[in-house]
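Next come two complexes, and both contain chain A; in the first it sits with chain B, in the second with chain C.
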Partner chain A sequence: MFSTQTFFDSFGPLFWAARYTLLVSGLGIALGLVIGALVCAAALSRVRALRRFAALWVSFLRGVPLLVQLLLMYYLLPVIGINVPAIAAAVITVGICASAYISEIWRGAIGALPPGQSEAAAAIGMAPRDIWTRIVLPQAVVMSLPALVNELILLVKASSLVSVVGILEVTRASQAQAATTFRPLEVYLAAACIYLLINLCLAGLGRYLEHRMAV
Partner chain B sequence: MVQASAVEIRNLDKFYGPFQALKQIDLTIPPGKVTCLIGPSGSGKSTLLRCINFLEEYDAGEVRIDDQLIGYDGPGRKMSARKLRQMRRSIGMVFQQFNLWPHMTALENVAEGLIRVRGLGKADAATRAAEALRKVGLEDKMQNHPARLSGGQQQRVAIARAIAMEPRLMLFDEPTSALDPELVGEVLQVMKTLAGEGMTMAVVTHEMGFAAHVADQVAFMEAGELVAVDSPDAILHNPSDPRISDFLRTYHERNAF
Partner chain C sequence: MELSVFQDYGPMLLRGFGVTIFCWLAGTVLGMLLGLLVALAQRYGPRPLRWLLQVYIEVIRGTPFLVQLFVLYYGGPLIGLRLDALPAGLLGLTVYGSPYFAEIFRSGFNAVPIGQIEAARAIGMAEPSIVRRILLPLGLVSALPALVNFSIILTKETVILSIITVPELMYQVQRMSTETFRYLEANLVLALFFWGLVETISRAGRRLETRITRHLIERV
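Showing the complex of A and B:
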C-alpha cells in the first residue's frame, strides 16, 4: 500500500536537504557565469593562445562526466595542498563544469547577432568598448537567457551527483530516508516532487525574464 | 545648409582573397551633390561604398575625404583606430537592412551616438535626437522600439540616427531595397529633402526614378569596374556602353507589367 503519511513526512527532511541542492546549483551557476564570461572572452580573443586555451577548456569539461570531475577535484585538491570542505570542492567543480557550457552559450549568442548591428555603431564612430557594452552584450545576454535557465535546470538535476563526495543533498537524503522508513517509493516520489517544484519555478523565472527583457 | 564634404577615389583596388571586387576605381564625389551608383548585383557597389568609410579595408589606391586619406596614414600604414573613428563621425551611413538596435527605442537609437561619440549629456542628446526624428516625420514614434515600426519608419529612424551626428557626407546602400513598394516613397522623400539642403550623398540604388530626378551624376559599375560616370540623362537615356544598355533593358523588362 502507498503510505500517504510517509510521503508527506518525507518532505520535511528533504526540504532541509534541498538547501544543499540549491546552494550547489546556485553558487555553481554564479561561478559558471563568471568563469564562462572569461572563457568566452578568451575564445573570441585575437590572441591565438587564448583561443586555444578556451577550446581545450571547453572540450575537456564537456568530454569528461561531471561525476568523474567531482571525484578528481575531491582527491586532487588535498594532493596539491588545498584543504577545503567537500561542499566548496563541489561548488567549484560544478561551477567550472558549467562554465564550459555557459561560454559556448554566450559565444553562440554573440555569433548569432547580425554583423550589421556593430557595423552601424562603428559607422558613426563608436569605440569598440561602447559597441560591446551598449550594442552586443545587452542583446546577446537577452538571447542567451532561455539557454542559461535551461543550463541552471540541468545543474539542479546534476547536483545530485555531488552526493559522491558526501554532501547530503536531496537525492542522498532520500536514499537515507528510504533506508530508514523502508518506503522507497514514497520517499523518492517526494524527492521527485521537490526537484520538479524547483525546476518549474526556474522555468517560470526564465519565461518571466524573457518576456520582461524581450523587445 | 550643411557643410559638405568632397570624396576623391583614386585607383582603388579591393580583393577578397584572390577575387578582385574593385578594379582601379576612379571617382570624384563633388561636395553638396548626389552621386548614384547603379549596376548589376555583385558588381561591387556596396564594397565601393563601404570603402569610403573604411568599413571595408581597401588594398591599394586612395580614398580621400576633404583631402584627408581615410584608413591609412601613408602607403601601407594603417591609421589609428581613434583617428578612423574621428573621421567616421562626419560620415553617415544608411544600410539596406536598417540595422537599428532592437533593444532601444527610436529616440535611444538616435541619441546613442550623440552620447557615446559626441559626448553629449542625456538631456541634450534626447533633445537633438527628437529634432532629428521630427525632421524625418517621426515625432510621434520616438518611444517605439524598431519592432513596432514599419520598414519605412525604421529606415527613417536610421536616417535620423545618421543625420543627428551632423555628418558632412551620407552613404546610402540600397536604402529602399528591403521595403514594401508602398513604403519606398516616404524614404526617398526624406533623402530628397536632405539632398536639397546641400548634403553630399553617395547612393547605391535600383530606383532609377530617384537617380534620374535627384542625382547630379550617375556612376555605372559592372564586375568590379567603374564603367562610366556621367549625368543621369547621359547614363539612363543615352548610354554610351552596351553594358549599360543591357543592364537598363533587363531593369525595364523586370519592371514592366
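Showing the complex of A and C:
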C-alpha cells in the first residue's frame, strides 16, 4: 500500500538535501559560464590551434557520459596530487561538462547576430574590442538567456549523478531515506516531486525571459 | 598505467558492450515508438487525454533519469511491478526518452506546411491516410536531425543503468576496477571508448541525414 505518511515525511530531509542539488547545479553553471566563454572565444579565434583545442574540448565533453567524467575526475585528481573534497570535484566536473554545451550556445547566439550590427559599428569607427564588448556580447548574452535556463534545468537533473561520489544531495538523501524506512516508492516519488518543483520554477523563469526578450 | 587487466577482463567487457548497445538500440526504438504515439495522441486525441499527456511530458522531462529508475526498480515491487534489472532499465530508458521524442515529432509535424494537409483533405483523403501518406513522411524528414541528436544523447544515458545493476559496459568496468583497484585507467579507457562511440554514431547520423534529405537540396 502507498503510505502517504512516509511520502510527506520524506520531504523534510529531502528539502534539506536540496541545497546541495542547488549548490552543485548553481556553481556548476557559474563555472560553466566562465569556462564556456573562454572556450567560445577560442572557437571563434583566428588562431588555428585554439580553434582545434576548442573543437576537441567540446567533442570530448559532449561525447563522454557525465557519470564517467565524474568518476574519472574523482579518481584522477588524487593521482595528480590534488586533494579536494568530493563536493569540489563534483562541482568542477559539472562545470567543465556544462562549459562545452554553454560555449556552443554562445557560439550559436553570436552566429545568429545579424552581421550588419558589427559592420555598422565598424563603419562608424568603433574599435574591434568595443564592437565585441558593446555590440556583440550584450546582444548574444541576452539572446542566449532562454537556452542557458534550459541548460540549468539539465544541470539540476544531472546533479543527481553526483550522488555516486557520495554527495548528500536529493538523490543520495532519498537513497538513505529509502534504506531506513523500507519504503523506496514513496521516498523516490517525493524526490521526483522536489526535482519537478525546482525545474518547473526554472522553466517558468525561462518562459518569462523568453517573453520579455520577444519584445 | 597498467592496461593488461583489460585483456583478462576482455570477455566480460565485451559482454557489457553488447548489453550497452542492446539497451541503446532497444531503448531508442521503443522510446521513439512511444513518443510517436504520444505525439499523435496529442494531435488527434480528446482534450482530457491531451492534458494528461502534457502532464506526463512535463513530469518525465522535469525529473532526473536516475530518480525515475529508482522509482521503477526499487519502488515498483511495492505496487506489484517486479522487474529484473535489465527489463527495468529498458522500460526506464523507453519511458525517459518518449517525451523528448514526442516533442521532436510534434515540432516535425508542425513543420509540415498546412497547405499540404489542406490539399489532401480537398481531394478527399481520409484522415488516417493523410497521417500515413502526408504528415508522417514529411514530418519525419524535418524531425530527422533532432531525432539523430537525441538518439546520440541516449547512448550516454545508458551508463546510468549501471547504478541499478544492469550489466552493461559501465557496470562491468566498475566491477573490474573494484577487483583490480585500477580505477583511473578503467574510467579513462571508458571515457575514450564512449568518445569514439559517440563520434562514430554522430558521423553516421550526419550521413544518414544528408542521404534522406538529398531531395531537399537545390541543384545549382
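By our rule, the second predicted complex is superposed on the first by the 209 of 215 C-alpha atoms of A that agree within 3 Å, B and C clash if a C-alpha of one lies under 4 Å from a C-alpha of the other, contacts with A are read in each partner's own complex, and residues count from 1 in each chain.
Here is the rule we go by: contacts are C-beta pairs under 8 Å (C-beta built on N, C-alpha and C of every residue); 3 or more make two chains touch, one makes a residue touch a chain.
From a predicted model like this one, the values you see are computed outputs, not experimental measurements.
Engineer: Looking at the overlay, what does A:67 touch: chain B (first), chain C (second), both, or neither?
Structural biologist: The answer is second: A:67 touches chain C but not chain B.
Engineer: With the two structures laid over each other on chain A, which partner does A:7 touch: chain B (first), chain C (second), both, or neither?
Structural biologist: Neither partner.
Engineer: Touch test for A:135: chain B only (first), chain C only (second), both, or neither?
Structural biologist: In the superposition, A:135 touches chain B alone.
Engineer: Taking the superposition on A as described, I'd like to know which of chain B and chain C A:53 touches: first, second, both or neither.
Structural biologist: neither
Engineer: Between chain B and chain C, pick out the one touching the greater number of residues of chain A.
Structural biologist: C
Engineer: With the two structures laid over each other on chain A, which partner does A:114 touch: chain B (first), chain C (second), both, or neither?
Structural biologist: first
Engineer: When the two structures are overlaid on chain A, which partner does A:122 contact: first (chain B), second (chain C), both, or neither?
Structural biologist: first
Engineer: Share the list of chain A residues that count as touching for chain B in one structure and for chain C in the other.
Structural biologist: None.
Engineer: Help me check something: in the complex, which residues belonging to chain B touch chain A?
Structural biologist: 53, 55, 81, 85-89, 91-93, 95, 97, 99-103, 112-113, 116-117, 145-147, 158, 161-162, 165
Engineer: Contact residues on chain A for chain C in the complex?
Structural biologist: These residues of chain A touch chain C: 2, 59-60, 62-69, 71-72, 75-76, 79, 153, 156-161, 163-164, 170-171, 174-175, 178, 183-186, 188-189, 191-192, 195-196, 199-200, 203.
Engineer: Using the touch definition up top, name the residues of chain C that touch chain A in the complex.
Structural biologist: 58-59, 61-68, 70-71, 74-76, 78-79, 156-157, 159-160, 162-163, 170, 183-184, 187-188, 190-191, 194-199
Engineer: List the residues on chain A that touch chain B in their complex, please.
Structural biologist: 114, 116-117, 119-128, 130, 134-135, 138-139, 142, 215
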